[in-house]
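The next part holds the structures, each set out as structure tokens.
The following pair of complexes shares a single chain, subunit A, combined with subunit B in the former and subunit C in the latter.
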Partner chain A sequence: MMDQSLERYSRQILSQHIGEECQKVLMDSNAVVVGCGALGTVSSSYLTRAGIGQIRIIDRDFIEESNLQRQILFDENDIAEGLPKAIAAQRKLRKINNNANIEGVVTDVNYANIEELSKDADIIIDGTDNFETRFLINDFCVKNNIPWIYGACIGSRGLTMNIVPSKTPCLRCVFETMPQMGTFPTCDTAGVIGPIAGIIGSIQATEAIKILAGKYESANKTLIEIDVWDTKVKQIDISELMGLNDCPTCKLHTYKFLEAEDGVMVTLLCGKNAVQVMSRNISNIDLVQLAKRLASISDVSSNEFMLKFKVKDNEFTVFPDGRAIITGTNDLNTAKSLYSKYLGM
Partner chain B sequence: MIYLDNAATTFPKPECVYTAMDKFLREKCANPGRAGYRMSVETEQEIVKARVTLAKFLGIKHPERMIFTFNATDALNMGIKGLLCEGDHVITSNLEHSSVSRPLTGLEKHGVITVTRVANSDDGFINADDIRNAIEANTKLIVCTHASNALGTIQPIREIGGVAREKEIMFMVDAAQTTGVCDIDVETQHIDMLAFTGHKGPFGPPGIGGLYVGENVRLQAWREGGTGFEPESLSQPETLPFKLESGTPNSVGIVGLRTGIEFCIKEGTDTIRTHERDLALRLIKGLEADDRFKIYGGRDENEKVGIVSLNIKGLNPGEVAAILDNRFNVAVRPGMHCAPHIHREIGTFPEGTIRVSPGYFNTVNDIEETISGLKAIAESA
Partner chain C sequence: MQINVNGENKECSTETSVSKLLESLDIDNRYIAVELNHKIVPRTQFNEKILQENDSLEIVTFVGGG
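And now, the complex of A and B:
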């Protein structure tokens, strides 16, 4: 006879993989979801329903109409109320499971606050839209021996893998360096098919449940690549990449993103209601290619020195070394968010 | 030379501090926060990193509330004069350095505030109950030192902070002698304002310090000017840290301070304090049985930093220090240590005491040589 307090979770307890003991472990677990967009809304929804005891959801953005196509926790009322994603998610998830301790935090995750925001985490779920934050999460998790679950989507494709320090390759074993800022497509420039985020976010939630329940033997050890349009699923063996090429993070134990020796630098420009975003590593942006990527969302003008485009109230001036001056804001986090949406970081 | 004046300025600095400052001054020392070129941005990022490091070190939740100042005196003046208004009452102690007592006396003389100075115990401790009993209806601020710079006694700031929090009074701590040496957590110790300097415990250079401004504290900026923030505004911005950080900052000092704090974190403040205190206690042990010496202040190892105040009976402390320097090559500080009130209390006004303050790089041998020197001088008396 099942403990009555567990009735809500009876269907997953009845499954052959999770019994009462595992359920109790889940209820005593702490998950941090970094980024509450397409992936984060899916994974946090399942984790809440599965009874994870404590879930912190961190996101710096406010909900926009174009999010509703795939970010399943949000609705038109949230937009009318002008809610930040983290707060809207907190409200919805508390309605779903009042027993879980759900906390939404509206902030940018960066080297200064990741330790405080994630210090009690048993697992971190990647719901970000940028490599900058992923490399930071990777540094933090490897240093503190916390598993995390990478996830990413664009177009009809999605990727996910588990990073369990000292058991699997880390993010930097697989992606040695951060892609150059401003050189790759994003969901806001290349689009995304909603359900791919549902699939990847669901896999992330499942993997988190396995790892939290202590069922590492059942966890995914590969890099999963799914294309929903071509209906293709690939599992790429990455086991041999572990520590390869003297991985700076998991082999040499240097944490340059955590120590702010690498990554993005954001600065308020004197007197312009403008923020400059640039990378410590100089990018080499092909302005012609960038103009093509942006053509579908904005009028673009460019010359050999710079490229200009405008989205709503924000004008972007992009330079070949990857820096961008974004006008219409003097908030550093907003500028970072805009860069990552339209230029890629 | 045996350098035993670390309570004034720590010397030498860890090698990493010299290296970091040299590298910064050569490679990154542009004007931060005013332009967008790469070196300017890198300079700004170094300052932000230092702010974050210090905030974490001191338990400060919001790094922008960690304000860079020139030193502890600067920070104390900014806090005291920025907070107090006409009619306010302040509680402080007799253990204070002039950097606390003079700004208060100045405001008192001008009729702006009233001040209660609570007495300390004979061995140099403030009692939180005495603070509580001194509270009046218009008490706005309690300000006291974390450790006496004359006696080395560590004060019960958590208890005093508890009283302040309970009575909703601002609590400011002068941590000039304890930052980098004692545990400081502005949250658990209920500190609303914390002033410190970089050139002592944090192993930084002179000319850099800090002021933590708590979330309930509204300060008037007493230094106004260029901030690189809201330049279109004709008046000082309200946003921290800009409000309190006008003018080009001491960026190279900030880098030195950060590197020094990182050294403290790596070595461990407990290790540093224990080493310095044990050397101080060794000096006391070597002299206390000899009745030619008078040693001041409490000796409890749990409530002491590496500071010993002493005198040789019948000898002027200034002369003793000069002989120590001249004949024994030992550098110590004689006099009142900028804390005149406490010398009236312990009966050493106005000549003061000889203050011996060992640092992290001193050795047992340094102390033994100092003991021999002091005994030889006492012999001559």
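And now, the complex of A and C:
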């Protein structure tokens, strides 16, 4: 007789792979989803439905109309409300499973905060849209012995692999380093066929469930490439790379993406004609006060999650964590000076 | 001689290394994984690995979107 409190999970408990014991382990697990776009909305949805006990969803962005084609947790009302992705995801997922402890965090994951945001994680699921954050996650996870699931997609093509420190090669064993900004296509420049994100996000959720449930022997040991347009699946066994290359991360234990730099961090948001500026020293901005301060120079619109204003060709979106996204420029230094000019930080 | 790259037949000269092939295809070898006859080739062996007639390669390029 199945425990009645597990009724909502009865169909996965009935499957030959997950029994009541595994289900209870899942309900006691803690997952962090970094990035809640096309991949993160899919993986976090399945993890919530599967009964993972605690899920933290971190995303720096707000929802735009062009996201709805593939980011399956969001709708037109969320855009009308001006919601950040992490908050909209938190609201939807709590409605789906109120037993799970779902927390949305609106911030940019970087070397200064990854430890605080992920220290209790049993697993990290990659839902990011850039190389840099993936190498940061790789450094953090290898250093702290936390498994993570790489997933990415572009056009009709998607990749995924599991990184389980000391059991599998890490991301840098397979891909040496980060491509230069602007040399690789992004979803904003090359587009993406929605369902490839559904497939990769679904594999990531499945792999997370296996690893969290302690079923490592069933976990994927390959680099998987899927092209939904050519209808092709490729799997490369990467297990032989373990310890073979002089991997700076998992063999030499140097973690350059975790190393601290001081001051202001600027990131080009590729393909968006926008730059993100974040100051290490600023947190918890009072958006109401800021709106009053800016009212004399611009029309300001705000809600509890963000504040928007425009000066000439540059639109600023400011978040309570001190971060600003400035559109109308691709130049990091211009963005930095605009940030200090109007936000005075 | 004939080789096969990502499912397509290609002509290449004898004594071609994996590195040379990647160069001729204009592929940066830092951002790919290469499988030769169903076995992964570590990056450290790209220079020394010489291709043979009818070799089959799969090249997977890094993806950063999401």
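Quick note on the criterion: the second predicted complex is superposed on the first by the 260 of 345 C-alpha atoms of A that agree within 3 Å, B and C clash if a C-alpha of one lies under 4 Å from a C-alpha of the other, contacts with A are read in each partner's own complex, and residues count from 1 in each chain.
Keep this in mind: contacts are C-beta pairs under 8 Å (C-beta built on N, C-alpha and C of every residue); 3 or more make two chains touch, one makes a residue touch a chain.
Computed from a predicted model, the values in this text were never measured in an experiment.
Asks: Look at A:F131 in the shared chain and tell me whether it touches subunit B only, subunit C only, both, or neither; answer first, second, both or neither.
Replies: A:F131: touches subunit C, not subunit B.
Asks: Applying the document's definition of touch, where does A:T267 land relative to subunit B and subunit C: first, second, both, or neither?
Replies: first
Asks: For the three-chain arrangement built by superposition, which of subunit B and subunit C touches the greater number of subunit A residues?
Replies: Of subunit B and subunit C, the partner in contact with more residues of subunit A is C.
Asks: Go through the superposed model and pick first if A:D331 touches only subunit B, second if only subunit C, both, or neither.
Replies: A:D331 sits against neither subunit B nor subunit C.
Asks: Quick one: classify A:E315 as touching subunit B (first), subunit C (second), both or neither.
Replies: neither
Asks: Going by the contact rule set out at the top, does A:E240 touch subunit B (first), subunit C (second), both, or neither?
Replies: In the superposition, A:E240 touches subunit C alone.
Asks: For A:I154 in the superposed arrangement: first (subunit B), second (subunit C), both or neither?
Replies: In the superposed model, A:I154 contacts subunit C only, not subunit B.
Asks: Which partner does A:P185 contact after superposing on A: first (subunit B), second (subunit C), both, neither?
Replies: second
Asks: Looking at the overlay, what does A:E103 touch: subunit B (first), subunit C (second), both, or neither?
Replies: Neither partner.
Asks: In the complex formed with subunit B, which residues of subunit A make contact?
Replies: 111-112, 115-116, 260, 265, 267-271, 276, 278, 280, 323, 325
Asks: Using the touch rule from the top, collect the residues of subunit C that touch subunit A in their complex.
Replies: Subunit C reaches subunit A through residues 7, 28, 30-33, 35, 38-40, 42-44, 58, 60, 62-66.
Asks: In the complex, go through subunit B and note every residue touching subunit A.
Replies: Interface residues on subunit B, with respect to subunit A: 33-36, 38, 40-42, 44-45, 48-49, 52, 55-56, 61, 63, 228-229, 231-232.
Asks: Which residues of subunit A touch subunit C once you look at their complex with the stated criterion?
Replies: 35, 37-40, 126-131, 134, 151-154, 157-159, 174-177, 179, 184-187, 190, 192, 197, 223, 225, 232, 234, 236-238, 240-241, 244-246
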